[in-house]
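Please go over the structures that come below.
Across the two complexes that follow, subunit A remains constant while its partner is subunit B and subsequently subunit C.
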Partner chain A sequence: MTDQVLPQVTDLPSTIAALKERFPNAVKDDTRNGYEGVIVDAASLPDFARVIRDEYGFNYLSSLTAVDYLGHGDHLEVVYHAFRVPSGGKPLVFKAQTDRQDAVIPSLVSIYPGADFQEREAYDLYGIHFAGHPNLKRILLWEGFEGHPMRKDYHEAYYEQETKPFDTRWPGGHVFRGEEYNPFGHNVRYPAGFTLDDYKPQSEADFQQSMALGVDIMGDPAFRTDRLVVNLGPHHPSTHGVFRMMVALTGETIESLEPVMGYLHRNHEKIGERNTWYGNMPFTDRLDYICSMCNNLAYAITVEQMMGGQVSVPYRAEVIRVLMAELTRITNHLWSIGFLLNDLGAFFTPALYAIQTREYILDFFEATAGSRMMCNYMRIGGVFKDLPQRIRSEAALINDRVRDMDTLEYLEQLINDRLPRSIDELDELLSESEIIKSRCIGVGLLPAEMAIAYSASGPLLRASGVPYDIRRANPYSIYPELEFDICTRPNGDIYDRYYLRLDEMRQSVRILKQILPRLKDTQGQPIFGGKTSYSIKVPAGEAYGFAENPKGELGFYLVSMGGGNPWRYHVRAPSFINLTPLGEMCKGHKVADVVAVLGSIDIVLGETDR
Partner chain B sequence: MYGSGILKGLGVTFRHLITTFIDDIQWLGRKRDVDVFQQKQSLANRGLVTVEYPDEKLAVPERFRFTPFLITYNQDDPDYPGKDWCTSCGICAKVCPPQCIWIVRGTDPKTGRPKPEPEQFYIDIDICMNCGYCAEYCPFDAIKMDHNYELASYERTSAHIHDKARLSREIRYWQSIAPTIAAEEEAARGGYDHTDVQKARKKAGLEPSRPGPYAAKPAEPEPAPAAVAVAEPPAAAAPQIEASKTESAPAPKAEATPPASAADGETPPHPGWVKRGKRWIDPNAKVEPVRRKGKGE
Partner chain C sequence: MSNGEINLRDLQHPDIPVPEEMQSNIAVTSLSSLYNWARSRSIWPMLFGLACCAIEMIATAASRFDLARFGMEVMRASPRQADLMIVSGTVTKKMVVPIVRLYNQMPEPKYVLAMGACASGGGPFKEGYNVVSGIDKYIPVDVYVPGCPPTPQALLYGLIALQKKIERQSLGVGASVPWYGGGPSEEVPIPILGPDIIDPRHAELLRKEAQKNRPTPTVSEALAESAQPESA
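Showing the complex of A and B:
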């Protein structure tokens, strides 16, 4: 971190006033009802960004996304949320607008390198050209894709209707399957003038050239070793899903690495815009499917923010939410440590020890929410149901083994005994192992300034020595009244990321120990303070809600036009943005270190590709 | 000392090995006893906890949700045998996030006016995301989440669209898989009967709700007719598939829902089952050539 002196004005309104003075013609307030922040003239955007970064300390561009206002002004809008890291506080929201036909916005990659993937995503899905972006090409979709699917006038292959609920389901709901539409008929769109005879699929060599690895992959006669391009993945057990890394090697040393993703892309955001507000909740489970409880929470607080006074979350619901979120943090960190060790070659012993412990937490989730991983537990204004009295089962299948335990006793035993014991055991098993130390220490370095510049979040940021945790920097739920420390580690290498996760689990246990008495005290109190109707309407406006997920900052940027469906539903996915510095982190290391670096970032492809 | 960290780690794995053997010796031959199983699955356990699926399965908790099913009155109900609980209000179809519920609302043949009964009810379970919203928002307790997760079939396109016959199950089944929740719901309704039935009965000057026939208490096995009736929907659901695959095989066994803990009682969970050691076994199940037949031909 730099020791730069921040200007005297630190509160948001005076910052905005000062900026308007500074850019008298280019910056104006966003006066639309329910909107916040400023609208910046596209031409002065880079200057504006440089000023807020260097002079006002907004050094962290957390989220960048686009909105299509078709029929509501007919323009495209790029929305930026910048934070001060590590001091925290509310984000500075600024927007730039452009024409739908010829959409150009200056790129901010040179100011905020963390904008790299996010601008590529906005280009891919909205067709906005970011002038000056070093490598502007599609990121989630394939190069030959026709159209930009997030635009409001784009209709997907099995398009039925703009928004759910669809009219064909009731009262005359004669079932048909989507695939009964001819899959190669009217639901596929081809570029104008397309004929199959002229179609040439992109060759692997073209693809490698287009990947802009930054080095001449065709070889350099001055080198005495071969320069190789190696594809790690897409199908590889240590890529944590279907993920491909294109690596240019000299000998065994990495010169350049370019991630290729999107194999699991399903345009979650388009689905989200068709869905009702409630309908999105179970879909968030499928983002980072290890941490569905935390995803639910982040979505719920975002919509609650938009609903304002219409919902109020009861205290017990907040207690249960934190209980779930912290248990989820432990499951995620157990999982990620286990699989980091798999990536390092300690095949499955540590992972299975970790998973065994995780299983006890999932049992509790299953008994409470109904599902181990796809919890769908939070509601807008509370939670689905109170904790059950007993974790008990009834036999429904042949050979079923039944169990019956008191829920609170189970939780007490879990939090006071089992989880600390398992964490200590992992610590004892791994932390001092000479093999792990020699593989991890000093590998995959991410210095603090770089981590901030690349918008890294979560353990990746904190392991680089930046004490930034949204639970403290922008508190939500009942975190302000709970005692816990923000863990950091100084070095920013794989070992520190591993060790930081152990520390964070211990802090989570500490939080959970404070939750237990609150659970007992609030027994019988209400757990839902929202609307009980099956469909809700959200007042027009926008909101950016974010939470400290186990993998980093999970943000939802939502825009409502006042109806029963979101106009815009954007997910700021930590697994996606944390990959931005991957290439830099791997440079100069050996090829075997790549999987370890990737494992230490801890991604889930369901969230990366969305 | 260099290497001490590795040795320490190996100590942990060794400890796991030893505790697992201690478990095995301690519970020699009693591995499948219900109480031993519960102990092994508990938080205090230190050895290995493998559940040997499919020889044994972890029963799922009451709130567990898999695919939805529709509730009907019991077939042996004296007043409303087999009557649907669903009123065809369409809320579940509207709230369903992936829109996989399809309902044809019933109409009165005489007046042509809609009546509160579904004519057809389909759920495409390939699309169902098991979210549980339909059960949560149904105002009539008419749709519930099933616990049976063993739904593999050979016919994706036909067997995975559950129609009304396949979806309907007696309320007795719901009471048997989720007794606590069923009792809570009953209390909220103000009686065993469907809310609309209660209203109608009140109008007719009857007692609004009859005392409900409950599912058998976990300790006692269910009466035989109940077991048969419960087993009916799955058997009826996939008749073509079963028929084409089994040919000479014995007629499909009643395969659903052994009453709660019959496995440790002395009554067989199903008629005709025999006891081998500690376990009840269906003597015909092993030879049922479903898979083998379908493969080579």
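Showing the complex of A and C:
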């Protein structure tokens, strides 16, 4: 019999000290200026990971990413952020370094299954080989793509300079079209001597073969049913965008499922590393395009963290930020419930109810930030504009008349009356429906341990009974002074995820009710405490900033070399990582359930593929 | 049209007189006008979303903006039942292959609306290594709607522009559109995912470029090259 090792929950510095003692030669402090955590010798990485998971309780590998330090040591570095869930607290940051030429790092998938897609992404974009990964293939790009584009020495077809603003356009303001400088007139770049004459691209059959779906075309003679592979997407109305799933079926039962993504991979990270620090704000809008305000907030708090004492966010700005974030949470959950019902077959009617309510909030966003969806509202050090005095909301039509009303009055009506009413309405119409119950209860199960192991976050994690909410576990903004509960549901099925979103909306309304008096009290106070220059320099160092987005933990891992642009701009996207357990959740269910399970995870492809 | 009533005066040919008192009952018109009038008011878009713009497209179809007022509420998930492809969002190199395939599967007459900056010209993501700078590099586009994303009002304006375009088309043989008279038009060749996206129409150009025996120059390399002869 072996004694069970209990997690020793200690504070971070003493944990690190103990780990250095445990691995005397393999674990070193990261002494670079502005960096935190430890550097682990690549060979000892699996042992180290097992120890921190089993003995120190860091059971949740939130983020895994790579950085190319070309010209700054010429090595590739893989950065891990591990948390204790559900107790919370600061992450343990550990790193492993490898050569740029033969980049090999041991895979951590066997210890943290949530590393699966993230390691594949690092392999795809950086060419780091993760030894021992069960399925190391490209994930965002296609097999056969030339090069690993996130490496610093990779230059895309329209490459002009390392960083913006480009000399061709600024400060002259010239019109410049990259097409005119490319021999093909397209955004394409081929290797030397490449022609189509004897080129054999990967065929769909090869692709399916490579999916390792375990399909044996002969079938199992005992059952006399043929196994077959069904392809869902990328053009399929239930995939919430351009997502693709390959499903291996026996009869109608799912044997295995493999997500295929990258159909909306629009190179946020590469573009983000060329952009200025401010210039990235509008790009964060387009990550999870339903929750642009929350994305803004997560990016702003990360850069503020790096700026240290140079910027201070005024109280009113924090109040407005929370107001926007919670309204966004409600729009997201409304949207997600509406479209979950769509996926269940209630075509468009529930979604219409949800979208109608969402419009009231969008009108407020439009009046404040100038845009319905892509708000680009927050700044490093505050927000860019105060709330307007009056709002002309077309959604508040009464007898076909556009009403011009006081903004606070509009918000009061919205928060105290309309939103709670709409949430109750959805609850009444849907929650007891026989069809919803029979389609959702017990389907797509994700037990708590599995949810943590797979690094699931947000509603997906909480619906499995894990009370982990970053607003409480690692508070930011003014959340510590606000009263709200962390909602959980015990069963981890589709119904619980649906119901949890209703509960969370109610909690958001509760927060918003506490925000209203604060908005009134702080009227006229400053909203921006940052730098007003067109561009800023951020002190050298790294930061991992994260926030509880409606879909889960949105994290930004930023590295600065002290200049006007990020050296590394990584997005820890909840929609991407929450898909890791999708295959496990769908196994054994019917093919029609896949759509519902996917709908209950609630993904947005802009964030999944980035 | 706005209130759902049929206004025969829309159809009336301007050169053929019809007594004033009969104009609410009788209209003399051409077959093309009658056909286009019916067609432009029952465009079925493909249920097809790519990125952020798709959310605004859904909002346009929902109750507040109500696409049904224009006879376009029947969104079809199958390209074989759709008249209009709204390319709503960033077109990536990986996605352009299915998009061209979907376009080829749509029956004629078919129309394409490029919604938003990305579909029209690459938008904010244009320089990305996996982004197609505008869907018009591969398939013909009828209407471009600017915006990032365009508001539902802008999309509606674009759709009305498309209706006007349809109304101007003629059924006559040799007309401005390829699909009346001459049999089905040629399919757009499907791009190939190679080391980068390959348009099969570029096979000849690729061969020519390959002789130079260097990777395709980036914009910065091309700029440097074009600057050299001047200094030499």
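Here is the rule we go by: the second predicted complex is superposed on the first by the 562 of 610 C-alpha atoms of A that agree within 3 Å, B and C clash if a C-alpha of one lies under 4 Å from a C-alpha of the other, contacts with A are read in each partner's own complex, and residues count from 1 in each chain.
The rule we apply is simple: a contact is a pair of C-beta atoms (placed from the backbone, for glycine too) under 8 Å apart; a residue touches a chain by one contact, two chains touch by 3 or more.
None of the values given here were measured: they were computed from a predicted structure.
Colleague: Please indicate which partner A:437 is in contact with in the superposed arrangement: first for subunit B, second for subunit C, both, or neither.
Modeller: The answer is first: A:437 touches subunit B but not subunit C.
Colleague: What is the contact status of A:428 with respect to subunit B (first) and subunit C (second): first, second, both, or neither?
Modeller: A:428: touches subunit B, not subunit C.
Colleague: Contacts for A:374 in the overlay, against subunit B (first) and subunit C (second): which applies, first, second, both or neither?
Modeller: both
Colleague: Using the touch definition from the top, say if A:356 reaches subunit B (first), subunit C (second), both or neither.
Modeller: A:356 sits against subunit B and subunit C alike.
Colleague: A:241 in the overlay: touching subunit B, subunit C, both, or neither? Say first, second, both or neither.
Modeller: A:241 contacts subunit C only, not subunit B.
Colleague: Tell me the contact category for A:230 with respect to subunit B and subunit C: first, second, both or neither.
Modeller: neither
Colleague: Per the contact definition in the header, classify A:592: touching subunit B only (first), subunit C only (second), both, or neither.
Modeller: neither
Colleague: Which holds for A:283: it touches subunit B only (first), subunit C only (second), both, or neither?
Modeller: both
Colleague: Mind working out whether A:263 is in touch with subunit B, subunit C, both or neither, as first, second, both or neither?
Modeller: Only subunit C; A:263 stays clear of subunit B.
Colleague: Which subunit A residues are contacted by subunit C in one complex and by subunit B in the other?
Modeller: Residues 168, 282-283, 286, 356, 359, 374, 394-395 of subunit A touch both subunit B and subunit C.
Colleague: Of all residues in subunit A, which touch subunit C in the complex?
Modeller: 140-142, 144-146, 149, 154-161, 168, 178-179, 181-197, 199, 201-202, 234-237, 241-242, 262-267, 270-271, 274, 282-283, 286, 289-290, 351-352, 355-356, 359, 372-374, 394-395, 605-606, 609
Colleague: Which residues of subunit A touch subunit B in the complex?
Modeller: Residues in contact with subunit B: 164-166, 168-175, 177, 275-276, 278-283, 286, 349, 353, 356, 359-360, 366-371, 374, 376, 384-385, 388-389, 391-405, 410, 413-414, 417-418, 425, 428-437, 534-535.
Colleague: Which of the residues in subunit B end up touching subunit A in this complex?
Modeller: Result: residues 2-6, 8-9, 11-13, 16, 34, 37-38, 41-44, 49, 51, 54-65, 88, 90-91, 93-97, 99, 101-105, 114, 120, 122, 124, 129-133, 136-137, 145, 147-150, 157, 161, 176-180, 218, 255, 257-263, 269, 279, 282 of subunit B touch subunit A.
Colleague: Under the touch definition given earlier, write down the residues of subunit C that touch subunit A in their complex.
Modeller: Subunit C reaches subunit A through residues 47-52, 54-56, 58-59, 62-64, 77, 89-90, 92, 94-95, 98, 102, 118, 122, 124-133, 137, 148-149, 151, 192-200, 202-203, 205-207, 209-210, 213-220, 222-223, 226.
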